[in-house]
Amino acid sequence: MSSQDARFEIAHLATAELLTPDLEGSLWFFTTLLGMRETGRSNGSVYLRCYEDPYSHSLKLTESDKPGIGGLRWRTTSEDALNRRAAALSKAGLGKGWTAGDLGVGKTFAFDTPDGHAMELVWDIEKHKATGAERSPILNRRSKRPLQGLPPKRLDHVNIMASNVREQRQILEQTLGFGTREQVVSGDDEFGAWMSVNILGHELAIMKDQTGAKARLHHLAFYFGIPQHNTDFAEICREYGIQIEAGPDVHGVTQGAFLYVLEPGGNRIELFGNAGILQLEPDWEPVVWDLEEFATGAGLAVGGTVMPQEFLLYGTPAVTGQEAMFRQQARDSNYDFRAIKVP
Amino acid sequence: MSSQDARFEIAHLATAELLTPDLEGSLWFFTTLLGMRETGRSNGSVYLRCYEDPYSHSLKLTESDKPGIGGLRWRTTSEDALNRRAAALSKAGLGKGWTAGDLGVGKTFAFDTPDGHAMELVWDIEKHKATGAERSPILNRRSKRPLQGLPPKRLDHVNIMASNVREQRQILEQTLGFGTREQVVSGDDEFGAWMSVNILGHELAIMKDQTGAKARLHHLAFYFGIPQHNTDFAEICREYGIQIEAGPDVHGVTQGAFLYVLEPGGNRIELFGNAGILQLEPDWEPVVWDLEEFATGAGLAVGGTVMPQEFLLYGTPAVTGQEAMFRQQARDSNYDFRAIKVP
Amino acid sequence: MSSQDARFEIAHLATAELLTPDLEGSLWFFTTLLGMRETGRSNGSVYLRCYEDPYSHSLKLTESDKPGIGGLRWRTTSEDALNRRAAALSKAGLGKGWTAGDLGVGKTFAFDTPDGHAMELVWDIEKHKATGAERSPILNRRSKRPLQGLPPKRLDHVNIMASNVREQRQILEQTLGFGTREQVVSGDDEFGAWMSVNILGHELAIMKDQTGAKARLHHLAFYFGIPQHNTDFAEICREYGIQIEAGPDVHGVTQGAFLYVLEPGGNRIELFGNAGILQLEPDWEPVVWDLEEFATGAGLAVGGTVMPQEFLLYGTPAVTGQEAMFRQQARDSNYDFRAIKVP
Amino acid sequence: MSSQDARFEIAHLATAELLTPDLEGSLWFFTTLLGMRETGRSNGSVYLRCYEDPYSHSLKLTESDKPGIGGLRWRTTSEDALNRRAAALSKAGLGKGWTAGDLGVGKTFAFDTPDGHAMELVWDIEKHKATGAERSPILNRRSKRPLQGLPPKRLDHVNIMASNVREQRQILEQTLGFGTREQVVSGDDEFGAWMSVNILGHELAIMKDQTGAKARLHHLAFYFGIPQHNTDFAEICREYGIQIEAGPDVHGVTQGAFLYVLEPGGNRIELFGNAGILQLEPDWEPVVWDLEEFATGAGLAVGGTVMPQEFLLYGTPAVTGQEAMFRQQARDSNYDFRAIKVP
């Protein structure tokens, strides 16, 4: 099955499951600082949504002994597309079969990427309908902007680490129709790929896991859509004990306005301050950055940010020796975040 | 041919032709104030592009006795899609046949909307390649950000007026696969429609022409993508004699950050300060605003802006009695813009 | 006593008392939407401060049958300056004598402006000292930025209405050393004056009360210092039922980024998105705007805002016939703001 | 003479002279990228002003074999104040006597700081009066915002390096009435001081010169007053070959939004994106940061910026071994900035 048949079959990233060894701390981060609303609990997981997320949740927080990505769920553009993609994944040997779904989510088709990241495809999913005081007079908005913290609008994208970027990229192009928008290469070696199924600069990025570990998360990103809010949220992180890794600044790659922080569970979270470049051209040819140019030129940062070494190495779960990169400031601070009451 | 077949066939709005009775004044506006670069001249038309526009031009300025929209050119997602859409338009009785193209543009298929707006479809189009000093170290950017004026990144969308919004909307859904994202209705009457062929909140809007005139332009929009720039450009317009009609503020419909000004030729130009809402859901159901709620609630403006009456009536070419709505401040001012010397 | 002796004697506007017929509603506005913190209650008044306000409170909310300004307290640059200004005010016939102060405020000297606005001068005032979790790692900040609503940094300025602007202006110049930065005149008539005792574009503005009423408040302003926050707060007001009167836009006069809303008690509140022009010149000559130029040119708004007629007429308490200008949307909405719990 | 007598005698920083070994390159930076306007030439110096600078110039560029600060000129609050401060400086042994002034500048009193920085006091100075097309309809603005590059509004502040910060600070407090707003100390050692003569968080900063050199410049700062513009200008610097040292980010000290770049002459220039904290309190007590807390906590950067080591060491003229810190990208780039033609 060629990638041409797969084009226009996936619509967008619908939900992500994040594993955390500190469920209470992670919940505090996402609800108290980022104003996400809890929409359900089940089997030790907590379901959350941003105020413009279309479905009942975009984030599922699950307690675990280590941080990491539990799973990513992509919505297809139709029910037929779901069945076609399930067949393609099975044929490629990645399919794991149909599941009964999740809270607000109907049956899904489960598969693993070559590197081992758990993913699902879904068509049947419950839309969020705000009622009463939660309804916004801005009718295209799924619920009112919360008054707590600094709320992002929606889940934006995910960046995963893989030991073999090329293999990972090609299989996702072929089976799911992802378009590759930008790449970082070093000689023959592929170091990174930014991919999307729509005009976004990326919904999925893959970065080389130089530690040799498998199926790790680089970061999960939420969308402010307002460049200033990255500066505002950096201030909040500084004041409330959340470790800021880098930013606010703007990547050359994707032109995304970034802020990277580590949530109390240890996962890297990006706040995305603008839409980045929107690639409207149907025949966009991948932009190729040389690794050196990427790292020291405009690729990683347009402004003066020098990315810390850990940015290219740290992922979750951390490999041996990386644990110290996450300083857990929030837990060490004398700020009793558990005493904060959220409306 | 159903609208389902038409889905995913059109990629985006590639170019627009604007008619102007004051070519010199319009050029001054687009190049001196908005920093667009001239990329060619032919038969009395001037071709311009923004620094992230993908092709050789996004705007063609053509001298004419009256302002208005000369034509809109949509790029398809493939060459086959072009042929299929040409057939569908012909079957619907709208097709006018193939053309030899334009500067940097290969053959196109021409058609008229039911209201009479001239449009074309194109696949074969020349991509802009910056060389030398025009190349940006931000590799996904087609050329460096200019240092003149306050430059938008690219052409964003168009809003046309039609005497019968429903008819116009339905034929574009059916023949070109446009999705309708939002609507304004008054009882049985359709007052407006915001449509797109991708995840943008709109690339094409249709507003009811209450004057009964045909084939008029409401506005053409360019994308800053930075909310602050709408405020900055309002200041520039105030200082350099360009009539500001409304904004900066944010529409509830599409959540677009707007600034409406009248360029020296009399056409209404919108500067778009953010990406607006991005509609990722493949089964987005059109949001329906009641006309009253739209006009007095959050629909037209989230902030305190009271849109002037002319906003819903004025289009180009102006109908009898509307000419005075365009005050031509730039030309009446004692500011001799032709004498501007830049250091 | 000449105004030269009075120069450098007043430091800044320290506190303001606002009267409200809806104490609960006003409190909801200032704490839930603007994130101000309650620092005390006494005799039916509630004391509030913004997170960078230097003293124990900047705002005192007092229940009253009508809205309006209860009093304004200016801090002097020294204790000696306080005594000299008290003497000057007494000599001018405005002094009312010393008071025992207020919560966190030592003795003050009370006086009335010629129009009847109650004011006080103070030197001895308690500084706010944050402890524990309220302390900010940004050491020049008096307390952490709250996580509730969209918090302004501090009280910024006040705009009062007076039947005789010239008289009011001159006596404040002479007795307190205010410098007049900008004026609006219509022939011989003074329509407005923007005054300060430091480099701010204004800390005190006086606008002509065309209704002939006395001692009214035009608006009280709080400082975001971030232009984007005015747009953000407009959105919050739209969603939570607060009447937006005008903005976000930028005044030509003072170059202040404005948003005017009516709080549930009926008082007009301005949110100030930037510092405005800072007048560093020691011999700044007042800028004089003609009323016509002010109202229709860049004076009132640099962008496209057309100020509503009520902007120049409505003040608190409202005069007969003006009550309807305050639509009390918050109270009429089906949003039960009293059920909101603030952390 | 005590510092109490000196209070309120200095108004603000009026002009700065910058030395440059690459006059053409520096001019290109200040006029083409920052849109400053040339207002005069004399004896090999070029005079420039920002569009809201009050006087005929705020910056004097002078060709020299090495970069550095040529002189700083402070305006007093009155002519009497000038004479009193001249006497105080003479008494303190710093005075060098009266000068005949400069272009648009009347007689001045010259003095050196203990570290050897050349300074002057002035009262008599010509105000800039825009005429014709340069006049702004925003009447408090001294000239229209230019359409070239991204123009700052005015000169903001200066940061000088001194081998003995305490001595430098105390003499400026005593003779000129500077108030010290914030300090960085390490044990008994003073590492930095931020001082002002008005409510600005600083107009003069002194940082310890750890190289033992004398009379060096750390940076000169210009005021955008719009936080977004720091990001915009970083992009321009990246595209046009100007070396970005750090930012955009926000300092905890002064809360200033910073961007540090090296202009083609090698001098460090800061763009200031907001007003920073305004210290309205007349009895503000200096905030004291411990060096460690300053460097690794919120002091240097609220966001994730890790300041490069050179930030605390590099100044102009560079000491032996520091020359390489200035990479002169603009000159090494293949971008022929001298050939830029503006439409």
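By written order: A, B, C and D. Residues from 1 in each chain.
Throughout what follows, contacts are C-beta pairs under 8 Å (C-beta built on N, C-alpha and C of every residue); 3 or more make two chains touch, one makes a residue touch a chain.
Given the structure is predicted, the values throughout are model-derived calculations rather than measurements.
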item	value
Set of chains whose contacts include both subunit C and subunit A	B, D
Pair sharing more residue contacts (C-beta pairs) when C-D is set against A-D	C-D
Between subunit A and subunit D, centroid-to-centroid distance (C-alpha), Å	42
Averaged-CA centre spacing for the pair subunit D and subunit C, given as whole angstrom	33
Per-residue multi-chain contacts in subunit B, two or more chains	136-138, 226-228, 235, 238, 252, 298, 302
Residues of subunit C that touch subunit D when the two form their complex	7-8, 11-12, 52, 54, 75-78, 127, 136-141, 154, 181-182, 198-201, 225-228, 252-255, 274-275, 277-282, 287-289, 297-299, 302
Subunit C to subunit A touching residues, read off their complex	32-33, 132-133, 136-138, 144-145, 147-149, 226, 228-229, 232, 235-236, 238-240, 334-336, 340-343
Residue ranges of subunit D in contact with subunit A within the complex	227-228, 231, 234-235, 238, 244-250, 252, 257, 259-260, 298, 302-306, 308
